[in-house]
Amino acid sequence: KEEESPGAGAAPSAGAGQVVQSGAPDGPTCSLDQMGYTKIDLKTAKVGFSQSEKEANPFRIAETQSIKDEAAKQGITQLTLTNANSQFTKQISDVEQMIDSGVQLLVVAPLNSDGWDSVFAKAKAKKVPIITIDRKINATPCTDYLTFIGSDFEEQGKRAADKMAEALGNKGSVAILLGSPGNNVTTLRTKGFKDQIAKIAPDVKIVFEQTGQFSREEGQKVSEQMLQANPDIAGIYAENDEMALGAVTALKGAGKSAGDVKIVSIDGTRGAVQGIVDGWLHSVIESNPRFGPLAFETATKFFNGEPVAQDIIISDREYTEANAKTDVANAY
Amino acid sequence: MTDVAVRTPAQRVRAWLPAYGVYVAIVVLLLFNIAFTENFLAWSNLRIQLIQVAPVVIVALGMALVIGTEGIDLSVGSVMALAAAFIPLYLGYGVVAAILVALIAGVAVGAVNGLLVARVGLQPIVATLALLVAGRGLALVVSDSQLREIRNPGLVELGSGSLFGLPYLVWIALALVLTVAFVVRRTVFGRRLLAIGGNRPAAELAGVPVGRVLVTVYVVSGTLAAVAGVLAVARIQASDASAVGVLIELSAITAVVVGGTPLSGGRVRVWGTVAGALLMQLVVATMIKHDLPSSTAEMVQAVIILVAVYAARERRSR
Amino acid sequence: MTLLEVAGVSKTFPGVRALDDVSFALQPGEVHALVGENGAGKSTLIKVLTGVYQPDDGAVRYRGEPVSFGTPLDAQRAGISTIYQEVNLVPLMSVARNLFLGREPRNALGLVDERRMNREAADVLTRYGVRTDVRRQLGTLALGAQQMVALARAVMVDAKVVIMDEPTSSLEPREVETLFGVIRDLHAQGIGIVYVSHRLDELYQICDRVTILRDGRVVHTGPLEELERIRLVSLMLGRDMAEVRREGVTGFTGEHEVQGAQPVLRAAGLRNRHKLHGVDLAVRPGEVVGLGGLLGAGRSETLKAIGGALPLDEGTVEVAGAPLRRRTSVGAVKAGIALLPEDRKAEGIVPSLSVRENIALAVLPRLSRLGLVSEKKIDTIVERFMTRLRIKASSPHQRVGDLSGGNQQKVLLARLLATAPKVLLLDEPTRGIDVGAKAEVQALVDELAAEGLGVVLVSSDAEELIEGADRVVVLRDGVVVGTLDGADVSTEGLLRTIAAASSAAASAATQEEAS
Amino acid sequence: MTQDVTVPPIAPPPESALRDERRADRLDRIVGTVQRQGALAVLVLVAAIGFAAFPNFRSLANAETILISAAPLALIALGMTFVIITGGIDLSVGSLYVLGGVVAAYASQWGVLAAFLAPLLLCGAFGVVNGVLVAYTRMAPFIVTLAALLGARGLMRALSNEGSETYLVRSEAFRAFGSGEFLGLAYPVWLALALFAGGAVLLGRTRFGASVYAIGGSEDAARLMGVAVRRTQVNVYVLSGLLAGLAGAVNAARLGSGVTVIGVGVELDAIAAVVIGGTLLTGGAGTVAGTIAGVLLLGVIQNLINQVGSVNISWQQVISGAFLAVVVVVQTYLTRLRRIQ
């Protein structure tokens, strides 16, 4: 009896897995000996995963699902999941509690890049390796934590800038829909975008930047206000797909038609890719949330004594008019 | 006890300001925008402001009634989410059915709030805090934490269509404002509600069915929040249980208080509440349009709230 | 030297000039009566004297020096101790804490010495006839006992001036005697006392001088002895002596004609843990039944139980033969029982609403159709009762919270009468009401009884009880210990019954002790 | 100070009545104690269940984790207890908590003393503004502190480049305060314990404490009884601001940085803890001991939910909301039992 199709994410791990972009042989590596930790068998080990935000957006849903699926695939039976519900201090105590309860490997999707001192101290004392995914922590790999797997958010911003410059023919005014204030992802995606625009397209003017809190509703509200104050806006850079889709609704409400304003966003959810197919979005830079396979592969290697890279940057795809139609099924 | 009809001009302003301070502030802000904001007077812009303020006004109406009984309803945002969560599940049975289910959810949460406050005797802020937390959780459970896009033409039309040039949303809000104003002013229920807010034991002794009135008030607040939830879905053309209505309780309370309704109960200013919501909408819009960073915007908002409430505060003779 | 003095003081509230060029002087060692009708400005003057309100105009001088107290605390520090009109203590705090608030005994570390405080509090209060666990919450005490705590608190400190705004309004004759003892003592120590009361007997018993206020102005000041009682009343009310004399001072006319033998109210076996232990009461139409007894006898509880405001463990209430099924206030009001609560501030008025809304509150269903109120009908009713009870307000739209105490009481009466009840339960109906209004209220009770209402009257004013009631039921510790009928309804009869019950109870207690 | 007044002798109430009353009072006090310690009772119960059901819950390390995570909220709730007992409310604590942390981390470059003093000064100043506005303008505390919530958060963002800059703690001593232990308990836990002991004395055994209760019980009566109402009100808001700032500093020391993304909704947690602890939101009654039980109860519940393992976060919210309601219903019921006496 459901008439509406879910906007996103019915079959999360079905899509494309992650591909490592860099880091492999030449960068610094880390091994069991280097850290002085002991070998364990992952199958019988207790593993903990700390998610940062509610699984209420496609990215988080896909991320958690991918960890769960891969753990099941590897035959790991003792997987503990916690969710910090966007409260950073809760995440800290969640992780500390998992260490207390004897987990032997931690996979953490950090809510924030700083503030992990107490966790690291505890983990080191108990010799629990920590793999951080999707967001990097400002600390020393191979000492404080094992390794980081994820995208380069600044790079994503730069790529979005490239797309925007291309779409606008290097001139015109652009609005930025920022993510939640203070969030590292927001900071880096903003920095990458602005730096790159300044470098490659000085005639593209950023005339507006307001937070849309990574949510569709706020994205829509802010866009509505923005469109009234800046009727001649040529492009919108949304720091996630949800805000971009909010902006689309706002554009429709303002009587614009598809393609009048070029929208570039980041994430690669199914709804946004469909937006490209429909002509409302110009392009989407992917941020792949399917960390499970890579994370457990890395852990297995590590516990086998092999060296693993200290920084595993995955290569993110991008969706444009050219591939959107064919790849929409791959989006999460 | 001689009546003194003569008042100095200063006294007259002082007597007048508490009741009309919000309107003055609105006019000041309007003038500022007309002078300094591009395209401000365009109908399309004014229309956007009205559309955006409509859900807050609707929620604030219920909040004003609750505050009139010396209560508070923190659960409104979660009720919006719950209503939103039910919509896509029942759209298969038609728009009307889906909306009805959403409203029933609002009635149910309101009834629980009301029973906790009136019969069990919980303090309103705690009872509704419990439902603020649990309600949001329930909404996520119901929606399976998924954002669902809505393509039902009826709902989309409700969210974006107009009648005589005014969006449906605004018509609905207006109708509700008029109804609530009428209820407060002209009905037995309205008077009883104010008496309860003014002195609950006294109202009880005077034969006011306190429990029934309180439950009704919270049910009304829950229902209005559910209406706002439905409208939010229609407007963003998606049901997003995790984001809809977040922190709207604070916006609603601010609108009510800035509009001159005291938190201590016993009085409800319906039009003041509308004005309070409009004022806060204008403040936010002004700051967005002038692209102030969120830090500055928040500090400016803080000051404006204080000034508006200061002007509208109850003066006690000393 | 004058102790405390005001000259040319004025104070205006929105719409009301509460004090108009008032001058007043208190000498050391005198008891100075301050009298006037409800709303004359007595309480306002006291609040101006003690820093609660700032005067618009005029000066306050204390021991010769001009002063301007910013807060009541300043006045207290300077040696002016005040008992304000409504009991102003903190109900949630313990009795001892209330007594010592702001001057708690402290130990060497500067911390509150709770033990000493409780001991001293118990000592002090026993002297005022209040025997209770001082760690109890004050709010659980009867109003009279609370009033005694307030009195003890005010007198405990080394004050130069003690101001009492209607201290006896909820006291028993016995406690009034205690209070007078205290006043005589303070008097002997050369302390100046301002005494406000509507009970004229009391004034003549203990006051030296009197100042009469009317409509915010001083109309007379001088030695009390020289002032004839009738003249005092006429000055207060601003009417001719002859007119006052004709009307007499109490409004009661005597016997009522009981109509019909069937009681309109019958309460049987009312029981509530700790408070009522089986009270029976029957009132016939047109009859006024008084409830007598000492403070804490359970009179208020009996009324509340009948009015549905106190949960009962056992007992039945019938109105005109029909038993009340829903034991709530709502049910009682519907059945035709109207209760005037003792504590009008906490349980009576809705201060934020207007006079009009307050009067209409209980009858809204009757003044409305399909849930919509009819403003016209309300106006009619409100006007009728405002005139009938001579409610003094700047308009029907004035906030009740801003009315004088007596007028608030009248508004409440108006609310009750508007419901056209069959049974009236009046708990201290003339508490804090001026002589004029008191006579009016009393006459009104007569009139209502004549119209066939059953009335239950509780009053700590023995005279009022004797004159007003056809029958007096005497309570003690939640049981009926006697009934006075016909010629027995007299002050002596009342005292005799109470005394007999006391000694019986005392001997019973001794026996129990012995076994 | 007591004047000698001779009071004419009057017959005291009969002994039997007094005895009756004493009996009633004893029951009253027992029920009262249960009610006041209701949170503690529930805490013991819940902990017992945890002990029986989850081996990991039993470990000492887990207890320490609960305590240290609870420390900042405990400090905030302590200040909130004072505010709520006066009949007020302080919504700004969440923002002051973040602001305190950011400022402490920034100031730590000048040493540990600066790291503590800077947030105390700044958040104390916010407390002064709150207090003065509440006490002198008669604006509702709810709205005054709501404005402060916005203002403090705005200021925090302004100081941290719209929240994007996280200052790291530069003082080793300050960092050591956050991570060090004494007798097996972390310093922040000791600090919280000490302040709670101080708070209990302040509230229960000083004239200031008496004024706090009096104002909450009846502001008008307190004023007429000569309580310095305004000064007391200013003081409680300052106290609340100081404690929120201190909580921020403690948290910054523990995390090693001034994290900007925390603190949203902390005021509601603090209010919930205070109310679970038996303090009346209408003011006039409450204890510091109850608050500490309330804070721990919230921490233990969260810990237990995590012990269960993979409870969906949505259900977690449903459970904690329902739990809050149940605890408060039980408490209200006990209070009512007591009032019927």
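Letters A, B, C and D mark the chains in the order given here, with residues in each chain numbered from 1 onward.
Just so it is clear, a residue touches a chain if its C-beta (ideal position, glycine included) is under 8 Å from a C-beta of that chain, and two chains touch if they have at least 3 such contacts.
Labels paired with UniProt names: B, D = Sugar ABC transporter permease; C = Sugar ABC transporter ATP-binding protein.
All figures in this text were calculated on a predicted structure; none of them were measured in a lab.
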Pair sharing more residue contacts (C-beta pairs) when B-C is set against C-D: C-D
Distance from subunit C to subunit B - Cα centre to Cα centre, in angstrom: 43
Euclidean distance of C-alpha centroids - subunit C vs subunit D, Å: 41
Distance between the centres, which are taken as Cα means, of subunit B and subunit A, whole angstrom: 36
Distance from the mean Cα position of subunit C to that of subunit A, given in whole angstrom: 72
For subunit A, residues contacting two or more additional chains: 54-55, 181
Per-residue overlap in subunit D, given as positions that touch at least 2 other chains: 157, 162-163, 313-314, 316-317
Sequence positions of subunit B contacting 2 or more other chains: 140, 145, 264, 294
In contact (per the touch rule at the top): chain pairs: A-B, A-D, B-C, B-D, C-D
Complex interface listing, subunit A residues touching subunit B: 1-9, 54-58, 61, 181, 207-211, 213, 215-218, 220-222, 224-226, 228-231, 242, 245-246, 249, 252-254, 271
Complex interface listing, subunit C residues touching subunit D: 52, 71-73, 76-77, 82, 84, 88-93, 97-98, 101-104, 106, 110-112, 114, 120, 124, 126-129, 131-133, 135-136, 140, 153, 155-158, 174, 177-178, 181-182, 185-186, 189, 273-274, 296, 311, 477, 502, 505-506, 508-509, 512-513
Of subunit A, residues touching subunit D in the complex: 54-55, 79-83, 85-90, 92-94, 96-98, 100-102, 111-118, 121, 138, 180-184, 186-187, 190
Residue numbers on subunit D that touch subunit A, as the complex places them: 56, 59, 61-62, 65-66, 68-69, 72, 157, 160, 162-164, 166, 168, 175, 178-179, 251, 254-257, 259-262, 264-265, 302-303, 306-307, 309-310, 313-314, 316-317
Residue ranges of subunit B in contact with subunit C within the complex: 1-4, 15, 186-189, 191-192, 194-195, 197-199, 201-209, 264-267, 317-318
